[in-house]
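Both complexes below contain chain A, partnered by chain B and then by chain C.
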Partner chain A sequence: MYSTELVVQTLISGIMIGVLYALMALGITFIYSIMRMINWAMGEFYMIGSYLQYMLVAHLLGPDLWWLAIPISAAGVFALGLAVQWGLLKPIFKKPPELRDDYATVVTLALLLLFRSLATGIAGPNQFTPGSNLPIVMVGPMPLAGARVAAFLFALAALALFWAVLRYTWYGLALRAASQSRVGVQTAGIDVLGIDRMAFGIGVALAGLAGALLAPVFLVFPTNGMVTTVKGFEIVVIGGLGSIPGALIAGVLLGLIETFGAAFLDSSYQNIYGFLLVLVILVLRPTGLFGERGREA
Partner chain B sequence: MTAPALEAIALNKRFGGLQAADNVTLAVQPGEIRGLIGPNGAGKTTLVNLVTGVYQADSGTVKLAGQDLTNLPMHEIARRGLVRSFQVTRLFGSLTVRENLHTAFLARRSPDSGDGAARLEQMLDLTSLRPLADTAAKKLSGGQRALLQMGCGFMVPGSCYVLDEPFSGINPVIKDAIIEMILTVNRTAGATFLIVSHEMAIVRRLCPTVTVMMEGRVAAHGSLEEVARLPEVIAGYLGKALE
Partner chain C sequence: MIRRNFVVAGALATGLLSFGVAAQAQDIGIGLIVPLSAPGDPTGGQLIRRGAEIGVDMINAQGGVMGRKLKLFVQDSQGTPQAGVAAYRRLVTEDKVVAVTGFFHSSVSIAVNEVAKEMGVPTLALQASASDITAKKYDIAFRTHAVDPARVSAWMELIKKKGYKKVAIIAETTDYGIGLTEETIAQNKSGNFGVDIMKVTFDNKATDFTPQLLQIKNFKPDLVLNIGVGQPMDLIIDQATTIGLLPGTPMLISYDAPTRPQYWKLHEKNGSGVFFIAYYSPKSPLSDLGQAFNKAYREKFNEDPVYGALNGFGAIMILSQALKNAGAADPKALIKALESGTFKSWPDAAVTFPRADGVYWHNWVPPILILQYTKPGQDWKDADVVVTYTK
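Moving on to the complex of A and B:
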């Protein structure tokens, strides 16, 4: 028999990792909802976030200021995202939409290779860890790694901020409107290319934030974004492409399925459980739990 | 002499082998309600798209109250006061009626137009959508969506409006409501309208003058009665003389 303690601990672990996965998925789906493009280099923005966190903690700020390094890392990735949108994506988004998807795919795949090669070239294939001096946190009788709890709380705060901006600010209203009709927002006098820039910056910053938060847990190396990217896309399929609530709920769902599967079935198949859920969703509801069936131009 | 509210001068647009706009020139005077009529494929929507920045013109000039708008981006043209509607409404489906109106106001507001709250309340009354103010736009009927689209256009007063088939596919009651909205905004704010429509009864009621387009060119201009007597307009568009 399984103890209640193990079930509760697994539940908490699943929710915690699910929320962190959801950050990544939210970035993918947010960019898609506004720009109608898939950013295939999301994992590399995650990776850059984790390297920035490592450099800041290990070489500049020190372990005690890990919490300060996290927003700086996310901001660094945000700035990089603005530059990528301005320099590489905006030129094609100014033109009629026929080849946008193809172009965006080529550009982001090229970025994936470029960033990975740069990371290997600059820092080598080694694994780093920014380390964590956070103590074990006791939740009732259960010990939880301090770094994971901190990452979870930071992720919750980021998600709350993201939601508040979308819900309560004029810019959030414009972002939500752009996700419904790109032509409509332009008719309303809103610069859709400016919206694109901000959406891309915010989307990759969410990935960078996930990278910074998970750096002490999953380590820092040139391909560390690969697994989280796969998880991100799994969540997007489960929750529905373009659905922000779908990303959050599916993130937690994936985290729970993986941790429960690992705890109660076989931990060596942890990554398979999520894929099985994806297959079930694709068969039963191809648009995902909260996906839309169509939208206006 | 006052500059025309909206002016297209020698506009040209080619799509592959099709000359969709062929040296199109027209001028709509301030406060005028002008009809734009012609058969399907005549270039009416192309002209609307050129004037409002959806398409870039191959050559020619667009002016709004004398200021050059040629090939500016759509959002910049809207901010300068030239607002359009679409035959297929372009609303923000998941946003409420109130949020749609608010979005239409914020980027186009001028320093003296306040926070838009009063204007928003006016538009809820003008469109008769107050009972649905907190309903998502995607849950509205086709007619209600058409009313909301008009309300979004009117959120910033005193603009020039280009309406592409605003009466298409909606019931007579909503058509009457839209006609009343247009007349109210025209009378109270002196707004200028260029209206694309195939509904001759409505064109006759709303538009003292019309421009007829055929095969990408301006074929005629005058009152509906005048142009409807022209043999080429009867042969190419109306089929028979208007009653």
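Moving on to the complex of A and C:
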């Protein structure tokens, strides 16, 4: 018989991990909603964010300034995203759209391999941790690592800021317009390639932010973005491609289903429960929970 | 003009290819399949690789084998059977190796042996412990490592010695994790230990083990057996600390990862108190080969070698002696030589691969130790030896 305490602890654990999953999915869905392309190297931007966090905390700023390292890491990934968009993606977006998907797939898959190989070549295959001085925090009956709670709060703040920028700023309005009609935005005199550049930069920076936040929780190594990418794509399918509220809700849903499945059904299938949910959603609502509404947002 | 360029390029390419084949034919190729990326244990793979590379350099510095240089072909198994099998096929068909060694993960070793028994090139597993690797009695399968029954016997001795009554096992769903879990349950029954065992399993690609650890905490065990390899093993230590399972409940790590220099970098605050399996202690005597390796390794890496590196080196020593005995770089002759010979490796004990019963077929087992860190940052050489188990 399971205790109430175990159920509550599992609930808290599921929500916490779900919000962190959502941050990853948000980047994927945001880039798709603007550029209509899938960035297969998203996990590698997560990985780069985690390495930047580790290097800053372990070798430059020290563990007390971990919070300062987080925006710097995200900014570093943002700058890398701008460079990738300008150097590798922009040329094809200047041309007619027929081959964009194929080209973007090839480029981002190549980036995936390149970044992963570079990480292994430069830092080796070993695991690292930036460490954390934060104490264990009690959330109800659940003891949680301070770093995990901090990651959760940072993620919530980032999601709120992201939503506010999209909702209340002129640039957010332009981004939302581009997500509805690229041609319409161009006819209004907005530089759609500039919008692309910012969207790609912001999207990968969200992944880099997730990597930096989770570096002390899930460790730093060359393939640490692999799992989060898979979760990100699951969330995108569940929530609806291009839907920002969908990403958050689906992230929490996935976190809860995995955690409860592992705790109360069979823990061997922890990663399978999410795929089952994806299958159910694809059968019942192929556009995802918020797919259509997300395109209008 | 274009046609002439093509002819010249073709001739050059043919010449280069012929030269490449000829150069390769002079060397004796040995394959090394180890995990160099996740979800495998890349540190484990890297340590074996370091040892094997020093071994090849030492043999070649002494003139090679039968007047030919050894050449090591390294492949990344990623800890997955499919990548391991692809690596084996490539080593045999393209690189023409005479033997393939390495094998850190049991699932990889078991899967490769199924292909190897058809292709005929012998395998020498160095850190994969599942029974099926040798218990299937394939002619091509050899091993110099602790097998599941011996490893479990060692920790059952610890459980008995400490008087633990409730033991929780958290194990990955691989041949390694499942094999050790089943063997523990079987020995608990056959040996009438009377231990109440709880088991939870996980996919080795998972990163959040909180649900499993909450279940274990609810069970209130006297000991947690951490049967994860690589990053999951480390994450389980951290996440068990977070939910308050560690340090109150002792944890036993199922292999020698805590002997690696990386351990204290990852577990500076929560690494003390854990028990862990090891197969070598600096107090164990080394052969003259082992001492020479120890010196070479320290000079090259500025640290003491651990078991993985020693065993990687040992494999090259064993294979080079067997090749000499065989008198030819031929896999079939090599298998016969391995079966009939007595070899010198890093330990101060003869290594043999008899056609013995069950899991001990073609298997040399090192002594198994259970060590315990008693203070933070402790050198593994100073860790307490809690159990010494010899088969």
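Throughout what follows, the second predicted complex is superposed on the first by the 290 of 297 C-alpha atoms of A that agree within 3 Å, B and C clash if a C-alpha of one lies under 4 Å from a C-alpha of the other, contacts with A are read in each partner's own complex, and residues count from 1 in each chain.
As a working rule, contacts are C-beta pairs under 8 Å (C-beta built on N, C-alpha and C of every residue); 3 or more make two chains touch, one makes a residue touch a chain.
For clarity, every value in this text was computed on a predicted model and none was experimentally measured.
When the two structures are aligned on the shared chain, A:Gln270 is found in touch with chain C, with no touch to chain B.
Touch criterion met: A:Trp170 reaches chain B, while chain C stays clear of it. In the superposition on chain A, A:Thr105 makes contact with neither chain B nor chain C.
Taking chain A as the reference, the larger set of touched residues comes from C, when chain B and chain C are compared. Shared-chain residue A:Gly189: touches chain B; no touch with chain C. In the superposition on chain A, A:Val227 contacts chain C only, with no contact to chain B. On chain A, the surface touched by chain B in one complex and the surface touched by chain C in the other have no residue in common. Residues 52-54, 73-76, 78-79, 83-84, 86, 88, 90-95, 99-100, 102-104, 106-108, 152 of chain B touch chain A in their complex.
Of all residues in chain A, those touching chain B in their complex are 170, 173-174, 176-177, 179-181, 183-193, 295-297.
On chain A, the positions that touch chain C within their shared complex are 2-3, 6, 9-10, 13, 17, 116, 120, 124-129, 131, 136, 142-145, 148, 217-219, 221-224, 226-227, 258-260, 262-263, 266-271.
Within the complex, the chain C residues that touch chain A are 36-39, 42-43, 45-46, 173, 200-203, 205-208, 210-212, 214-215, 218, 230-231, 234-235, 238-239, 242-244, 262, 265-266, 268.
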